[in-house]
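Questions regarding the structure given below will be posed in turn.
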Amino acid sequence: MNPIDPIILFFLLGLIAGLARAELRLPAAIYDFVSILLLLAIGLKGGIELAKQPFGDLLPQILAVLAMGFALPLVAYPVLRHLGRFQRADAASIAAHYGSVSVGTYAVAVAYFGTREIFFEAHMPLLLVVLEVPAILVGIVLARGMSRETRWGAVMHEVFLGKGIVLLLGGLLIGWIAGPEGVVSIKPLFFDLFKGILAIFLLEMGLITAAQIGSLRQYGLFLLSFGMLMPVGSALIGALLGWALGLSMGGTAVLATLAASASYIAVPAAMRVSVPEANPTLSLTASLGITFPFNVLIGVPLYHAMAERVHAFLGA
Amino acid sequence: MNPIDPIILFFLLGLIAGLARAELRLPAAIYDFVSILLLLAIGLKGGIELAKQPFGDLLPQILAVLAMGFALPLVAYPVLRHLGRFQRADAASIAAHYGSVSVGTYAVAVAYFGTREIFFEAHMPLLLVVLEVPAILVGIVLARGMSRETRWGAVMHEVFLGKGIVLLLGGLLIGWIAGPEGVVSIKPLFFDLFKGILAIFLLEMGLITAAQIGSLRQYGLFLLSFGMLMPVGSALIGALLGWALGLSMGGTAVLATLAASASYIAVPAAMRVSVPEANPTLSLTASLGITFPFNVLIGVPLYHAMAERVHAFLGA
Amino acid sequence: MNPIDPIILFFLLGLIAGLARAELRLPAAIYDFVSILLLLAIGLKGGIELAKQPFGDLLPQILAVLAMGFALPLVAYPVLRHLGRFQRADAASIAAHYGSVSVGTYAVAVAYFGTREIFFEAHMPLLLVVLEVPAILVGIVLARGMSRETRWGAVMHEVFLGKGIVLLLGGLLIGWIAGPEGVVSIKPLFFDLFKGILAIFLLEMGLITAAQIGSLRQYGLFLLSFGMLMPVGSALIGALLGWALGLSMGGTAVLATLAASASYIAVPAAMRVSVPEANPTLSLTASLGITFPFNVLIGVPLYHAMAERVHAFLGA
Amino acid sequence: MSLANDRIRKLLTIVTEGAIESALVRDLDRLGAHGYTITEARGKGRRGVRNAGWDASSNIRIEVVCNDDTAAAIAAHLQAQYYDNYAMILWASEVEVLRPEKF
Amino acid sequence: MSLANDRIRKLLTIVTEGAIESALVRDLDRLGAHGYTITEARGKGRRGVRNAGWDASSNIRIEVVCNDDTAAAIAAHLQAQYYDNYAMILWASEVEVLRPEKF
Amino acid sequence: MSLANDRIRKLLTIVTEGAIESALVRDLDRLGAHGYTITEARGKGRRGVRNAGWDASSNIRIEVVCNDDTAAAIAAHLQAQYYDNYAMILWASEVEVLRPEKF
């Protein structure tokens, strides 16, 4: 059996310290710094790989994953609206969170498969970027209809010029242009420190999660179930898609994880500006208080097993 | 002869820059970040070692060191109260500072013995944690008596859920659970950068120390002597205890350093909340303005020599 | 052909993100931290080399470079005053910026020649420090005359105790005292991470530059031309001096880059305090909005070529 | 420093979510404020604790010194546009300024 | 924006040591404040320079908008409980609020 | 909390460039202020946007509680010494203090 990954333990440390109300707080500037490093590092890694293969080969995958990004919130919305009896804006906003992706969860998956030396396709960061955007657009349309009033210019600005996309895409492009040799000189900061930086990030995520859990009681059972079942459902869709696209078992599992993960950076920021009447506590409680810990602690190994089954049953 | 350790030079740089009123200030967020990294790294290192040996073997040492933690402030208090003519609360608070430990001093000792390749027992971080707490309790009782009014719940919260203990203990547990192999992936951040991070920390400590020295004039000769003699006395107690517990020469010297060091993080925070009438300038001037530089510049090599003598005279 | 250095791409990423008004901002604390690390690292590197050679041998170079530091602003001032029709204070302040140096530009040159494995003299950081100061003094005298009113004490404090000089000189001294072996333990932070840290720094510099470019329109063509021609002229002076001092081709190119670079840390701070009536937007638009990107993107390779020509024509 | 009438202006203080900073600042410009000052903040209110640990929970505190009409316009706009959907609080007081022509 | 009487509240501003933040915030809640805003600060006073370089020397600046009684209760409590032993300063002014029902 | 006359002081708030902090603080001491509180800030005014991204564009916000004469002296000094050449704004209001003997 594999040992517990220490980065998960950092998450648990943060979570427990937060629940115990310990005097532990990471300065906001450090949280920012650490996220910036992670986003750039993930982008760079993807970019280096893109430099090795013709972009055209990836186009089918990109389009398929884009389609999944549009589909997932459309699956989530009716569940939230009718089963969960959420107001329209809230259902749309939560659906957008779950249709998009979490970079932190992706990083945990990368670490997980890296430790186990399981191969996955190196252009995954590109799919991460691709998956980030469509759910936001769907969420806004679900909340507002195709209303003329929506200031799509502002929306697009918010979506494409948010910190997450700019740094991921920027990293991708830098890695792609500079190539494997070019990046050697910045490797010690962005690659060698990656898991250590991720550990610090997860420590803070544990503290943030603990703060969200307080509001869990308020929203009760439906949100709790949704926050654990929706990712499993999405993961299945992701795993099947990965298999259909001919990804390796590892790649399938990572795509399943991407599908399962729920955004807590890009989408909240965009929803705040574009669908302000949606209650951010609801969506953050779900995505940070339930789904993030679920994915980090249980989800990733589960989606690993899922990908193995899919590949075993459906053939490689 | 060994060259001067550059980390000591960073401390001197900060000290001189501070005394010269240079426009140099480390952002508070960076000071926080750097302390968090040091505390986690020290904890992790200890935890890895604990993973290698049965915990039961350490119990006698833990109990003995715990006893020393209770004893040291009881030695310091009468000196401060009667020779120093300090008010009760002040004497109790200063005694608590000197009974507890300084993580920065410990880190300097680790670097010192590391450079010289002198072996010391790897579970020292555990003793560091153990020594941090009892002096705080003794200090409060000395200031208040066993009064019913003391809200021990709040005190315990402050003591055990302060940043220092949470990160040290958290690091210990993570290192212990993940073990040597598990921790490999986060080694570049926590272990390879350790001395560089310590250098930045000491630069800031130099600046802080310089700010304290201003208030030295005000408190005069007694505090100055106490700040240099008390650590030497404590170190002797620590060295004898180390020898009695069968520690190696290096371990004995590190335990002596721990005994000699005075807290400037955990204890001030706890005293501020539990013994507010104690003047924090007094204790910080002593612990930061006198004892910290004394230990860093003179103390560590002195305690090294002390441990050599003790082992030579009393036999190994 | 050499691949594009990724650190330049980070600068471009920041520049483009800034111009596109992306939601990207590096916390001020991180900018501070990153500059502190760069300044210390550059100082340390120079200090290690100083430890290897007798200081006396460098004295002629130091004096010659000092003279250049006094001369450059005297060349710039009449151009700004008469051709540019700037007010006396503004002309003096801008001249001071261009007579002094930019540590960021120097770091880019170090990275450039490092990647190409081109040798340059290792005591360049010493010349960097030497060049930082005289232009400030000349600028003040140009603005005020040798007036009795100038509080030279305060000026000297500002100049010699600013963050830049303290950290560069401090690093130099630490490197010099600790020597190559002493510094090994802090190498991972200061040297291995150097280019990664520089990448983050340049990302932020790109964002800052983008913010300056807005005010460019206001000041028009003269400033634009000055910001690109002045560095080329200075570089030529620097290159000739480098050749005359017997520097290697690489060293000549680095000295040319130093001469070409314009300050945006030490000089603005000093001018703000000593020549407050000079408009800081003017000088920062020139030095940050024009000259910094010019030097980083075009200048360094240009000065490289210039040094090659000088050495080819005038003989080695 | 006499409280001469022509030197009296309104000081508006707004505490709200960091997420809407750019939109808010654009509004202030449009509504005629000649300047503003922002500090990072955290706090508690109707919408719970906002501890500034990360983006979504950070507050900003904006101060605007302006004349009465501008203050009224800003207050009305914020109340209409943001008050219901965002963590926001706003208070106003009278202050005396140097160089009243600036505002 | 008329200074209508029913919209007038007290704005209490407290500057004190960061070390007592959690205790203070608990007290504010207990004494009836509906909210508060905190910013990081440094400064100088009777107890010397507090330059915020590290934990023990950091200040916080707390603002509370509340009604007169709550303000009086908070001021009295702080004076009794903290003023002697902590670096602390407190001032109060009158402000006009939007949506007075919030306070 | 009555607005008793002997508890009324002036609160001066100054927003200006971080670059002159040490000079300013020296001036405040000299002019008789017993204390001050500083927070980091950014903002916009006549001299454009100062976004605090780096040294040259950072603002500080200084508060000084003092008596009328000191306030007048400080305001006059700042106006004479700094107002023309530095990004600076200053406003004053009346506040009630606890322990008036401190100021």
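As written, the chains take the letters A, B, C, D, E and F, and residue 1 is the first residue of each chain.
As a convention for this text, a contact is a pair of C-beta atoms (placed from the backbone, for glycine too) under 8 Å apart; a residue touches a chain by one contact, two chains touch by 3 or more.
Here is each chain with its UniProt name: A, B, C = Sodium-dependent bicarbonate transport family permease; D, E, F = Transcriptional regulator.
Being a predicted model, the structure only gives us computed values, none of them experimental.
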| item | value |
| --- | --- |
| Chain-contact steps, minimal, separating subunit E from subunit A | 2 |
| Maximum centroid distance from subunit D, chain identifier (CA atoms) | B |
| Chain at maximum distance from subunit A, centres defined as averaged CA atoms | F |
| Higher-contact pair (C-beta pairs counted), B-E versus A-B | A-B |
| Interchain centroid distance [CA atoms averaged], subunit A/subunit C, Å | 41 |
| Subunit B and subunit D: spacing of chain centres that average the CA atoms, whole Å | 46 |
| Separation of subunit D from subunit E, taking each centre as the mean of its C-alpha atoms, in whole Å | 19 |
| Set of subunit A residues in contact with two or more other chains | 23, 26-30, 188, 193, 269 |
| Residue list for subunit D, restricted to those that touch at least two other chains | 39-40, 93 |
| Chain pairs that touch, as defined at the top of this document | A-B, A-C, A-D, B-C, B-E, C-F, D-E, D-F, E-F |
| List of subunit D residues in touch with subunit F within their complex | 1, 9, 11, 25, 34-40, 65, 93-99, 102 |
| Subunit E - residues contacting subunit F, complex | 10, 13, 15, 39-46, 59, 61, 68, 71-72, 75, 78-79, 83, 89-93 |
| Interfacial residue positions of subunit A with respect to subunit C in the complex | 27-30, 32-33, 36-37, 157-158, 161-163, 166-167, 170, 173-175, 177-179, 181-183, 185-190, 193, 269 |
| Residues of subunit A defined as touching subunit B within the complex | 3-7, 9-10, 13, 17, 20-24, 26-30, 111, 114-115, 188, 192-193, 195-197, 199-200 |
| Touching residues (chain side subunit C, partner subunit F) in the complex | 25-26, 28, 31, 204, 207-208, 211, 215, 264-265, 268-269, 272-273, 276-277, 280-281, 284 |
